[in-house]
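Just so it is clear, A, B, C, D and E label the chains in written order, and each chain counts residues from 1 on its own.
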Amino acid sequence: MVKNSLIFIVLIGFAVLLADLFVGFNGNTDLNILANHYAVSGPEEVGSANLVTAVVVTYRGLDTLGEVTILFLAAAIVSFLLKVEAGASRNRKLRSTSEILDTASRILVPVIFLFGIYVFINGHLSPGGGFQGGAIIASGLVLMLLAQPAKEVGHKLITLVESISGISFVLIGVAGVLFAAGFLDNKLLPLGTFGTIFSAGVIPVIYIFVGLKVGAELSGIITNLHENQNEA
Amino acid sequence: MENLNLEIITLITGVILVLIGIWGLLTQKNLIKIVIGFTLFDTGIHIIMVSIGYVKNRTAPIIDQSVNINDVGNSVVDPVPQALVLTAIVIGLGVTALMLTYVLKMYQKRKSLEINNYNDLKW
Amino acid sequence: MVGPIYIIAIALGTAFSLGFFKKANSNFSFAFMLFAMAFMTFISGQWLYAFLTQQQETIQIFTAGFKPPFSISLQMGLHESVFLSLINIIGLLAAIYLYDQLKEKGVQMMMIFVLLFMGLNVVIMTRDIFNLFVFLEIASIATAGLIILDKSINATSAGFKYIIATGIISGILLIGIIAIYYFAGSLFINDIIKLNLIYVKGGAVAVFLVLIAIILELKPFPANGWALDVYEAAHPGIGAVISAASASAGIFVLAKILPIVGDSGYYIIGLIGIITFLGSNLLGLKQDRANRLLGYSSIGQIGLLLTIIGLTPYLGDKTLFIAFGVLISHALAKAGLFWLAGIVNSEYIKGWAAIRRKPLLLVLMGTFIFALVGFPPFPSFFAKWELIMQLANNDKIIWLALILIGSFIEGIYLFRWFGYAIKEKNEDLPEFPIKLNKVIPVSIVAAGLYLIGYYTGLAIPEAAIINYIPLIFIVIIFALDFLPAYVKNSISILGLAYYSYTIIPAYFENDMLRFIFVVIFLIGGILTFIAGYAYKGKRRGFYPVALIMYVGLVQIIQAENLLQFFFGWELMTAGSYFLIIRGKKSMAHALSYMLFSMGGAYLILAGFALAQQGQMSLSLDVLNSISNNAFIIISLLMIGFLTKTATLGLHIWLPGAHGEAESDVSPMVSAILLKAGVFGLIILLISTIKNIETVSIVYILGWLGAITALIGNLGAAFQEDAKRLLAYSSIGQLGYIVFGLAMMTHLGWLTAFTYTINHFMYKAILFLTIGAVVLRVGTHNMYEMGGLIKKMPFAFIAVLIGIIALSGVPPLSGFTGKWLLYNAVILKGWYFQGAIAFFAGIIAFLYLFKLISSIFLGQLKDNHRNVKEISIWFIIPIYILIIGLMIFAAKPELILQPMGDIVAQYFPDGGLNWDGGLATTPIGNWHGTHIMIIVGVMFMLLLTWLVVLSRKAQKVKQFNIVYSGERPFTPETTHISYNIFAGYNKALGFLVMPWITNFWNFMSDIIHDTAGFVRRIYSGNGQTYLAHIIIYIVVVYFVFFN
Amino acid sequence: MTEDNFKMSNKQEEEVSKFFAPENEKRKVETPDGEIIEINPLQDYFSDARPKVHHPNTSKVVEKFLNWARAESLWVLGFGTGCGSIEIPPLLTPRFDAFRFGVQMRPTPRQSNVIIISGYLAVKTLKRVIRSYEQMQNPKYVLALGSCTINGGMYFDSYNTINRLDYYIPVDVYVAGCMPRPEALLSGFGKLKELIKAGKGEKANEYVEKFDWYKANQKKIIQDWNMPDYNW
Amino acid sequence: MNIDFNKLFFTFLGLMIVLNWGLLMSALMRKIGARVAKRYGIPWFQPWVDLVKNYAIRSQITHGVMFYLGPVFRLSGGVGLFLFMPMVFGSDLWTNFSFKGDLILILYFQFFGMLGMALGAGEGGQPHSFIGISRGLSQFTTIEVPMTLAVIAIAVQYQTLSISDIVAAQQGGIMNWTVFTNPFATAAAMLSVLGAFGHSPFNLVKAPNEIPIGPPTEYHGTYLGVLRTNAAILHVVEAVLFMNLFFGGATTWIELIVKSFLIYFWSVFVGMVFPRFRIEQSVAWFLKIPLILGIIAIILL
């Protein structure tokens, strides 16, 4: 009890801290210079209709690379930690699912995959992007694994997709240094016509790789967790 | 109460979520609940971030039909926090996944989710 | 040149490609990864080289083809390149070190490893605050992954604690960053700096959150339990990376964001740093697990770095140098120690005794420990020196004191640990395998420490004149360690002889004072080395350390400035520490010696710092013109020097250290080493002679000296261990010297000089002889010896002459000192002190008699019936010294007259008048030569007479004694030696109750108990650690921002 | 017996050694060098040299002067053997005041010239007497007190008292009686002085000359002879 | 050093006088003691007889070289003390070699003999010798403390450490003697002299009949003769030291004999009255009363 009240006091202190932080916050009425630059010049400089995508993939491309790396790291750690010894997965006892779920999933999963691909291909045009698309792909996988617990997903494939897309992302970045103005420069490819699918320079390309990679990474995490489900 | 705008409501929500998350982190003994506390904390932060980027009466920073291509600067909200929150979410996801993996591993080794059972290392 | 961006590209490319090799040859994957690490190192190294040699300008790297603040930019400058090189080299070495683990655990770990370093690299280079956050996260997540390298439950739970703690911290950081973005409208650090957010309401809080998050990443005390658990649970190879590389990066990040905070941040950081430094080191005291101990030490060092950063406003442009010195020593030494921990593979520090089976590893460990504590010639020594000097210049006395206290506490546990490694029993410890890939990285960082130390030394003008050639000679001796002892002995003697030849003549011409000391140090060194021929085998490690001590001693003499003096002082301390710890039971004693020496050295350092304050010079002359705080400065320096002279209160290290040392080491550390303290005192007193504060200090010093003489001698009288007896005797003799110096008169100083020379000679004679006897009879206990006069007549004669001289009985040279002493005392008017000194002098008879009679007279023991005379190699130096003693006794004016001239420079009045051999003072007179002749002739006449009278005496054996009609049973029961002064003990024993030992033990207990109590905050519960973090944030916020 | 026979034969040694106290038996000890050496206490710790005859000064005058001095300075070993020892202390009292005759008590045989055998002598005590006597320096005198030293006195048939003292050590002066009073003792001292002054106090030399005979007698009565033959 | 044979001769003569006076003095003391006990006592010439007898002992044993050297050291100590002590004030011939050293030399030269004796006795291997020596050393350390204070006091009083000068300063009337000008120093010294002479109650060094006779237990014959010779010399010289320091010195041999007799008698007198102290009692005693007196003497300077 004493401990909890102490924690409560500390929380109040923390709340005061946050209150101090935001006490002057009254909502923005206008964009700051940076945001304004993005909003005004973004379409011309990057050619992406989705300004968030422009920021994410080009202006702050290094962050994105980091982000992808974090997911990659997480996937690697998860796969390292949860590596199932060969043969151990055979002994898992899993409850079988209903026929309806099974059938529905068989129909739905490809659709979800397709939707995911749509989302990351159109990342520079509409809401969405590589991460979102990848997450959707992974959610399809979750559905598949929930509906068909016994199904084994090839780790090899996942790794391959992951590695190839990752390397491609890095290579694009390096190509920016070599052939354009800097690392991850968007102008490696022509900007194309604003608002069409083949526009915004390398953004769609990057987003495809990001999408694949995120999808693969999340899938990797999920499969690893899944395979550990009933273990021991 | 006229100050109580959308962004302020979300901001306060975010702060409260952060506080709840911390409360959960500090008081819950179950490892899974601690992780949940963390995700609450994390989500709270994301909400705060989004609130900060909000500009009154504007739309998402995607140039489509609802945005005047010539006056983008006055019709969209700040894209930067949105980009940042995207990154933050992904990072949070990675961290959460890791936490859960660790918890799973710990549970496999010791068959306990009680955090008090994991203090072999001390002093 | 290869652009820094390729670091990222290479690392990421490697990490992503490693996925292909999952099933492929793991050696190939490892080579691939190693290549990437090497390439990263190469890139950073070439930039460093460019910055250092080619006046390369700092460059900005823009990504995405836009300029900041619109895109993320990286920066590559001198500082970045230094940190990058350091981190990448450590990474490369760590990769080599972890070869087995990485190979076994597969490509995932290699990916994680590479990504960790990629993260750290970007963290250093980036100028975008959010990007900083992202890559910090990469680094933390990669760290979390590396922690679970061995998948044990402890590692996993430590990893969980780590990840949840860093999760919270990065959450806080994120709030701060987004708020900064809100207030600043930019994420580019340079922009943010310009805005001075700290003055904006709310902006200050945002900055605070960022700052505190970065600080928390650096594991401040007490919100650092999670980090300690990590250090303990993680594989040592990983611990090295966390401690050396990650912490370095963290420090750099802190330095990077500090301008945002502005000047007010320094104060917070300094305070947090010093609390961490003190707290962490304090808790380290109770720690007995090696990895966790290293953790405490790491955190402590980071605390010191934080303090240094916090003190930037006072350190000015020296900050970089100081921080660099401390950081590089910390990083390399800590990495080395962690790696060693992995090799030794012992959970508890006592288990490190196994390390001495591999002498190379022991040497490496010693290097790291001494580098951490800040001994020369390591960078930390110079850094610490500059730090203290600058603090003093800016009048930051409390900071100075706290930093020294913290360093001292750190020294305690590090040296205790090192002592275990050298001396703890290691028979039943398991063997550990040695792999080349593990030893090479450790050796490289050790070599790096020496090299960088040398170059850091060059950076300070005062240190640049230090003569490194003798040190190189030592290195050569060290390299020749595989040779048999006599070869190394000869080389060492030749070396010292050449050294003497090069420096002594000049001193003889110009500076008699230093001449005397340099002769004591070097000629004494040669003489004691001669005794080394008696040792068979290789005597591994003996010669380098002994030479280190001698070189240190000579450096003290040669010192022209304070830094050089301190350099020599620390060198001498280090060398003598190793010499002392060579003794069989010396572990605890060497530790206590080291602690007192270190404490003393820090006091000297503080004293020097305060003395040069405001004088813009480091020359020894600054001591002449101390103006402010003179009382404190002189006291500090004096106490510092008194630790070496083992004056009462600071003497408890001496008996054990000298008593347990090897036979030829005891004279080194007693007859020779103690004179360093005397020299220091002389230098100090000469300089402060005119200072008004000196009067009151020397009055206390006089009493101290007299009482030390009494207690030392009394303590000696109750010893049963021959060498300890001599050690206590040294305390007493040094008490006389201190007393003589304290008088601050011509005669007083002459007394001190005479005692110095005398003590050197007779204590060397006695220690050498007793040591040689001990070698023969195999015991220190006098009651186990007896009757050895028949077996070792030469030893007996030497001891006889030694004790006659020591006791001050005319006509030998000891009387010279006594005579001068009493004349001085009476002329000075210190009657009571004089009486105490006299009392002490008589008590000397008690122990001297006990020494000679218990060992040489009385009953020969059964097991000594076949012992031989002491080794000829001991006899030679002993008898050379005896000749010296006799000359000094017969012709005291030879030395006393020139000494009088020296002293007259400082005390012109009241000297000796010499009329041929007749010395007169205003009150007394004495003719040494004639007295010697008179006594000698008379003695010879009487001897002849008695020999004629009793020429026919029948020689009998040892049991042919009057025994009340009975006969003796065994030699043991017939030999009266044990506790023979029991009656005296009954009457005066209360004076030598171990009050002072008890006092220090009590202090030690208090500190340890405090540490034991405080460290309970690290309950092991991850949740508690989280609470610490939150509480820490809130407390710091309310303390500093409200 | 010849010089060679002076040492015990092996057989004798064996016989005698059964009386040895443990500390007199041969023992093995380890030296500091780890070597094992054998200690024979009787040989190693006690001198086995034979006593020598010390002839008077060749100059008669000098010898006479010295004898006078010896006679006037009789230092008596404070050693009481039998009931007669009670008669010695009164000598020092004002009533008898032996000091005026140059008689003084010494606590150590080394410095004493006279040993008073004051009454009966148990065999056990004889051993001590022999030791003390042999530790006195030449010239030395024996003053035997009471009948017991002459013929055993009332203990003539005791199983463990000796009957004739002069079988074992040479006696200069007998003081008869049972017990003789202190006056008789003083008179004995007077007699001794006369003898010394007359140059007849050479019993110490006699002891050496007839050493083997005395030793044989001593060994005969002292069965457990466990000491060297001459106690220097 | 030019050898002055005239001086050497007178020094030797002085030594003989001192030796014989020392023997006579000890005889007188014993005689007085006997008379107190209503005995007749020894003949006055007994010490000479004993000495001759000891030198006349025919056989001797030795325990080793140091056993020889012990008595030599002891006698050298006594003779040396004599050599460095001015005997008769105002006479150039009877001041021996005292101009070669001062009071400090005398104080420390006392140890020469003690140390040698201790070592010689030590080689004898006799346990009781060790006990005697350890007691002797223990007691001697504390005797010297009040003595030193007294010496310092008078050295300061007369501003010299030279004994001749100290004596000179006391000339010109009995009231100039230190005993009157500095009674506390004198008192301290005269109490410590009790220990120096080793009579009861401070005779536990030899402690006859307890540890046979302490250090010289093994000594006999010529060795003992040497020791007794030394004792005779030493007693006189020490008495002369105190005479010189506190009682105005002596201008003639007669004065010397009277004063040294009285000083020596003081210790015998005390010895007649008090029984023997144990070592710790003796040590404690010297560190109480005489020490306090010595401290008072210093404070009053």
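Quick note on the criterion: a residue touches a chain if its C-beta (ideal position, glycine included) is under 8 Å from a C-beta of that chain, and two chains touch if they have at least 3 such contacts.
Keep in mind the model is a prediction, meaning the values are calculated, not measured.
Engineer: Chains in contact with chain C and with chain E: which ones?
Structural biologist: The shared contacts of chain C and chain E, listed by label, come to D.
Engineer: Taking all protein C-alpha atoms shown, work out their mean, then name the chain whose own C-alpha mean is nearest to it.
Structural biologist: C
Engineer: Any idea which two chains share the most contacting C-beta pairs?
Structural biologist: Of all chain pairs, the one joined by the most C-beta contacts is C-E.
Engineer: In whole angstrom, what separates the CA-based centres of chain A and chain D?
Structural biologist: The computed centroid separation for chain A versus chain D comes out at 116 Å.
Engineer: What whole-Å value do you get for the distance between chain B and chain D if each is reduced to the mean of its CA atoms?
Structural biologist: So the centroids are 111 Å from each other.
Engineer: Would you mind pulling out the distance in Å between where the CA atoms of chain A average out and where those of chain E do?
Structural biologist: Centres of chain A and chain E (C-alpha means) sit 106 Å apart.
Engineer: Using CA atom averages as chain centres, what separation in Å is found between chain C and chain D?
Structural biologist: 69
Engineer: Two or more other chains touching the same residue: where does that happen in chain B?
Structural biologist: Counting only residues that touch two or more other chains, chain B contributes 18, 22, 26-27, 52, 80, 84, 87, 91, 94-95, 98, 102, 105.
Engineer: Give the residues of chain A touching no fewer than two other chains, as numbers and ranges.
Structural biologist: If we look for residues of chain A contacting two or more partner chains, we find 7, 10-11, 14, 18, 22, 25, 32, 34-35, 38, 59-60, 63, 66-67, 70, 73-74, 77, 81.
Engineer: Would you pick out the residues of chain E that each touch at least 2 other chains?
Structural biologist: 59-61, 212, 217-218, 221
Engineer: Taking the top-of-page definition of touch, could you list the pairs of chains it picks out?
Structural biologist: The complete list of chain pairs in contact reads A-B, A-C, B-C, C-D, C-E, D-E.
Engineer: Within their complex, state which residues of chain D touch chain E.
Structural biologist: Residues of chain D touching chain E: 52, 54, 56, 65-66, 69-70, 72-73, 75, 78, 93-94, 97, 99-100, 102, 106-108, 110-111, 113, 137-139, 232.
Engineer: If we count contacts the way the header does, which residues on chain B are in touch with chain A in the complex?
Structural biologist: For this pair, the touching residues of chain B are 3, 5-8, 11, 15, 18-19, 22-23, 26-27, 52-56, 60-64, 69, 72-74, 76-80, 82-84, 86-87, 89-91, 93-95, 97-98, 100-102, 104-105, 108.
Engineer: What does chain A use to touch chain C in their complex?
Structural biologist: Interface residues on chain A, with respect to chain C: 7, 10-11, 13-14, 17-18, 20-25, 32-35, 37-38, 45, 58-63, 65-67, 69-70, 72-74, 76-77, 79-81, 156, 159-160, 162-163, 166-167, 170-171, 173-174, 176-177, 180-187.
Engineer: Tell me, which parts of chain C touch chain A in their complex?
Structural biologist: The touching residues are 3, 5-6, 8-9, 12-13, 15-20, 22, 61-66, 69-72, 105-106, 108-109, 111-112, 115, 118-119, 122, 126, 128, 130-131, 134-135, 137-138, 141-142, 144-145, 148, 151, 156, 175, 179, 182, 185-187, 201-202, 205-206, 209, 1027, 1030-1031, 1033-1035, 1037-1038, 1041.
Engineer: Within their complex, state which residues of chain C touch chain E.
Structural biologist: Per the stated touch rule, the residues are 787, 789-790, 793, 796, 800, 803-804, 807-810, 815, 818-819, 822-823, 825-826, 829, 831-832, 834-835, 838-839, 842-843, 845-846, 848-850, 852-853, 857-859, 918, 922-927, 929-931, 933-935, 938-939, 942-943, 946-947, 949-950, 952-956, 958-962, 964, 974-977, 980-981, 983-984, 986-988.
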